[in-house]
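Next come two complexes, and both contain subunit A; in the first it sits with subunit B, in the second with subunit C.
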Partner chain A sequence: MDLQIALLLGQDGITNGAIYALLSLALVLVFTVTRVIFIPQGEFVAFGALTLASLQTGVLPGTLWLLIGLGAVAGLIDTVFALRDRQLQRIPRILGINLALPLALAGLLANIPLSSLGLPIQVLLTLAVVVPLGPLIYRLVFQPIAEASVLVLLIVAVSVHVTLTGLGLFFFGAEGSRTPSFTDASFEIGDAMIQGQTLLVVAASLTLIVALYLFFERTLWGKALRATAMNRTGARLMGISATMAGKLSFSVAALIGAFSGILISPITTIYYDSGFLIGLKGFVGAIVGGLGSYPLAAAGAVMVGLLESYSSFWASAFKEVIVFTLIIPVLVWRSLTTRHTEEEE
Partner chain B sequence: MSEYSNDTTAEKPLILDVRDLSVSYGKVEALHGLALKIRAGEIVTVIGPNGAGKTTLLSALMGLLPARGEIVYLGQRQGSDRQVEQLVRQGMTLVPEKRELFGEMSVEDNLLLGAFDRYRSGKRDHADTMAEVFDIFPRLRERRRQLAGTLSGGERQMLAMGRALMARPKLLMLDEPSLGLAPLIIREIFRIVGELKKTGVSILLVEQNARAALQIADYGYVLETGEVSLEGPSEALSSDPRVIESYLGLGGRH
Partner chain C sequence: MSSPSFASTRLAVLSLALVSLSAFADINVGVSVSATGPAASLGIPEKNTIALLPKTIGGQKVNYIVLDDATDTTSAVKNMRKLVAEDKVDVVIGSTTAPNSLAMTDIAAESETPLISLAGSAIIVEPVDAKRHWVFKTAQNDAHMATAIVEHMLNNKVQTVAFIGFADAYGEGWFKEFAKIAEARKIRIVASERFQRNDTSVTGQALKIIAAKPDAVLIGAAGTPAVLPQKTLKEKGFKGFVYQTHGVANSEFLRIGGKDVEGALLPVGPLVVAAQLPDSAPSKKVALDFITRYETAYGKGTVSAFGGHAWDAGLLLGAAIPQALKKAQPGTREFRSALRDALEGVKNLPAAHGVFNLNAQDHQGFDQRARVMARIEGGTWKLVK
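Take a look at the complex of A and B:
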């Protein structure tokens, strides 16, 4: 391997690592706030990429029907609860958010020339379709079992993952999609050729990481999420409901997932089930940080990206094996260095 | 019962009216048929030994535990499905025995989160409220940038109380504010609780430290094995031989 190849692989590794880092942050967020190990994180990546690809070919994405369907069920359930509690004043809002908004989005998408829109608009529309799936899944699946043990939540998360993968196959078919590159620019620095796409992915990831940091450090809503993660009882006593925190964390996770999918789709072909492996690599990163530390998770994820890239050069057939074997020394190291604490609930 | 024995308190509106309250953990009943009243601007204390059900009472009132019986708060009968978040919105706050601070956040952020629900419902006066809280607890102003987890026991209690005050509560419930604190700090905390009365907030003070609690309270209840065994105006309770023997003693239990 000469320097040029090493640099190229490094570039590749950092690009993928930046995306894994985003996903690992989402996993840490969802786990600390709701105790759910968010296995379906990868499906949001696939949905983001494939929804964007659909829009670019001018087809209404299947995720839109999923959004309308989940919204209708959630709207119905919440309306029944509001009727039971005689809180009629809540019904217009419930129906507005769960039914009217998705239908309005569908109406909009059906009536504009999707394929000829600019990329930024297509990206925004993709996010508008995919991100609300996060809080809806929390509402329908995890909110009713919010007090369950971590193991039960994990099993349910796995079943959500399997269901969403199946729906992905149904919506998008077995064919993979690859969206056109955001930019064809490339720069030469010395001997190394740096792709514009690489810079864009890294810059977009860093921007999102900084935005998340500011959200958690500077806004009251971000602080409320951190407070819930630190002390659930304390947060409830401040009026920060676990339901609200759960929906908000799932929204952020869905946003990160869909955005990562959009970033990665010009680099690799994404199939309906590609998200799982990508999400798992984010998970390995999150495990390095013990599912609790954001900076360690991000660093671990970048390391996973680099390891994957270099191992694909030396032992292409074993690249996944090498990446996932990494988790063993990490777990050994963590179990030796961290004090074991019993689960509180 | 001596509910109307004191005419001056009878004129003030009721903040909390609890009747026949029972709480069970599985088959074990921790509270049976408890009745309790708090009037506007009063300090009411519930004293009693460990395990009498004092913390259970506060948890049930705050909606953290399911309870049977009738709870009327601010003239509204509370349903059995009442949620902590709704009660917070209606001005009820609890400073729990374990303080439940956000240890990895600064003192300032902890206080800010105390105003979360007011902020959310559009009342953006947290800066003023925080200034008032800093006036009550100057120590917190000095430590505003420090992480809550690094505070001393007394400061943690002050922060927990300050955080509760950030919600501008109508009813402030304090669970054992003296727990684990040095005598000098306890005196300081009780002085502040007594002064809070001037701001018009009603206070339900649960304490093992009966002497200190009865000194600042208007009315007291003695809770033993899940039932109210005695109640009355604080002066009357302080001179009741049964209270003196069990809770005040000669040197006190603290």
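Take a look at the complex of A and C:
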């Protein structure tokens, strides 16, 4: 292995690591706020990539029907609750958000020439379709069992993952898709060629991480999420709704997932079930951070990316073995060095 | 002779003939293919082709009972049991994948029903033992295809080859098959790498391959995941030959691969490049006939190599059933046994993917006429002459 190969491998590892880092942040966020280990995180990656790909071929994506379906069910349930509580004034808002908005989006998508739109608009439309799935899933699946134990939440998360994967196969078929690159530019630095797309992924990931930092530090909503993560009961006493915090954290997780999918889809072919493995590697990163620390999770995820890249060079047949075996020494180290401070349940 | 007795004799003869005719039951052909699940892109054209198979063979009505096994081994076994026990079929066609076909083999032997598999792996019919006695298959063996690649390498003075394949049975099977033939022909394998179907990057493997400086690379992968290694090799500046396997010969591969897979070389069944074959090729007429029928029914450009395997299974039955009908009646054990013997005796039958010459040792029956080399040019398959 000479320097050039080492640089190329490093570049590849950091590109993948950046995606894993984004996902690990989403996992940490969702876990700290709602105690859900969000296995379906990867599905948002696949949905983001495949929705963009079908928009680019001018086909209405199947995720749109999922959005309308989930919206209708959520709208119906909330309307029934509002009627029961005799809060009729809430109904227009409920129906507006859960029914009218998705249908308006569907009407918009059906009436514009999808494939000839500019890439930024296609990306925005993709996010508009995929991101609302996050809070809707929270509303329908996790909100009714928000007080359940971590184990129950984990089991439910697994079942959501299996359901979404099945729906992905139904919507997008068994074959994958690859979207055209955002940029074909490449730069020569020393001996190594740097692809423009790689820089874009890293830059976009960094931007998103900085944006998340500002969101948590500077905005009221971000602070509310942090408060809920630190102490759910305390936050509720201060008037922060746990439901709002849950929906918000799922929205952010869905946004990160879909955005990662859009970033990665020009680099590799994404299949309906590709997301799981990508999400799992983000999870390994999050574990390095003990599912609690954002910087450690991000660093862990980048390390997973680098490890994966170098091990694919040295022993490609054992790459996944090496990456996932990493979790064992990390867990041993964490259990030896940290005090057990799990919240009372 | 008085006329009444003559009439009654005639009546008796006539009624006897009627009795024997009505006892001559329809021929029932069971079909189990993977029309859904991961192998759906293979199973759907196979299922479509079954609908085009002849409705009468040897003057006898043929019923096709088509089931879907969802690319699942358990369902394949269940289908096979249902076909032999409830539908009392005379022969079964299926399944699409090797694991499913292998699982069905046991029941074929146990119920003494001939089975015609559509999968690629040679292990389905080799070696012909007590169980495989009942099993035939229409798709080319991997070895047929590997020899085509090695031949092309020798003709183009390739001395060193790197291999990158799936880290599963498909990749391992190809590596073993290819390494055996390549070593015998003095082609050196300088690197052997693996990747997962779902991998988002194969940069490490590609760099290692390039560092080994091979004359050519063989990618042992099926379907659209085979695009990634070729794309990465191209990106990192590999200039040698890139060989793919016949597992990529569908239009999805061309759609996903686009510019990145231009120039790839691969062995394919003659059906894939039928229109470009010389008129002397035995498969040309059969293949073009099949393509016309298929595209009339399902639209232009819809035909794929996999439908051809099902069509060839139909051709085998078309040749064997008239022989078996001479010996026994459909629906009986004797008929199934006679049909099996007749299948084994098929000689010089031109099919869409080659020429069948079966015997007691070879239940596949193709030779080197069953594959040609193709190159991807301008987004289509071009015959390499």
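Quick note on the criterion: the second predicted complex is superposed on the first by the 342 of 345 C-alpha atoms of A that agree within 3 Å, B and C clash if a C-alpha of one lies under 4 Å from a C-alpha of the other, contacts with A are read in each partner's own complex, and residues count from 1 in each chain.
Just so we're on the same page, a residue touches a chain if its C-beta (ideal position, glycine included) is under 8 Å from a C-beta of that chain, and two chains touch if they have at least 3 such contacts.
Note that this is a predicted model, so its numbers are computed, not measured.
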item: Subunit B versus subunit C as contact partner of A:256, first or second or both or neither; value: neither
item: Partner chain in contact with A:309 - subunit B first, subunit C second, else both or neither; value: second
item: Dominant toucher of subunit A (residue count), subunit B or subunit C; value: C
item: Which superposed partner A:220 touches (first subunit B, second subunit C, both, neither); value: first
item: Touched partner set for A:16, first subunit B, second subunit C, both or neither; value: second
item: Partner chain(s) touched by A:231 [first = subunit B, second = subunit C, both, neither]; value: first
item: Touched partner set for A:268, first subunit B, second subunit C, both or neither; value: second
item: Which superposed partner A:320 touches (first subunit B, second subunit C, both, neither); value: second
item: Touched partner set for A:239, first subunit B, second subunit C, both or neither; value: first
item: Footprint overlap on subunit A, where subunit B in one structure and subunit C in the other make contact; value: none
item: Subunit C residues touching subunit A - in the complex, by the definition given at the top; value: 37-38, 40-41, 164, 167, 193-196, 198-205, 207-208, 211, 223-225, 227-228, 235-236, 252, 256
item: Of subunit B, residues touching subunit A in the complex; value: 62, 64, 81, 83-85, 88-89, 93-94, 96, 100-105, 109, 112-114, 116-117, 119-120, 163, 167
item: Subunit B-facing residues of subunit A, complex; value: 85, 220, 223-224, 226-227, 230-231, 233-241
item: Subunit A residues within the subunit C interface of the complex; value: 1, 5, 8-9, 12, 15-16, 19, 173-178, 195, 264, 267-269, 271, 273-274, 277-278, 308-314, 316-317, 319-320
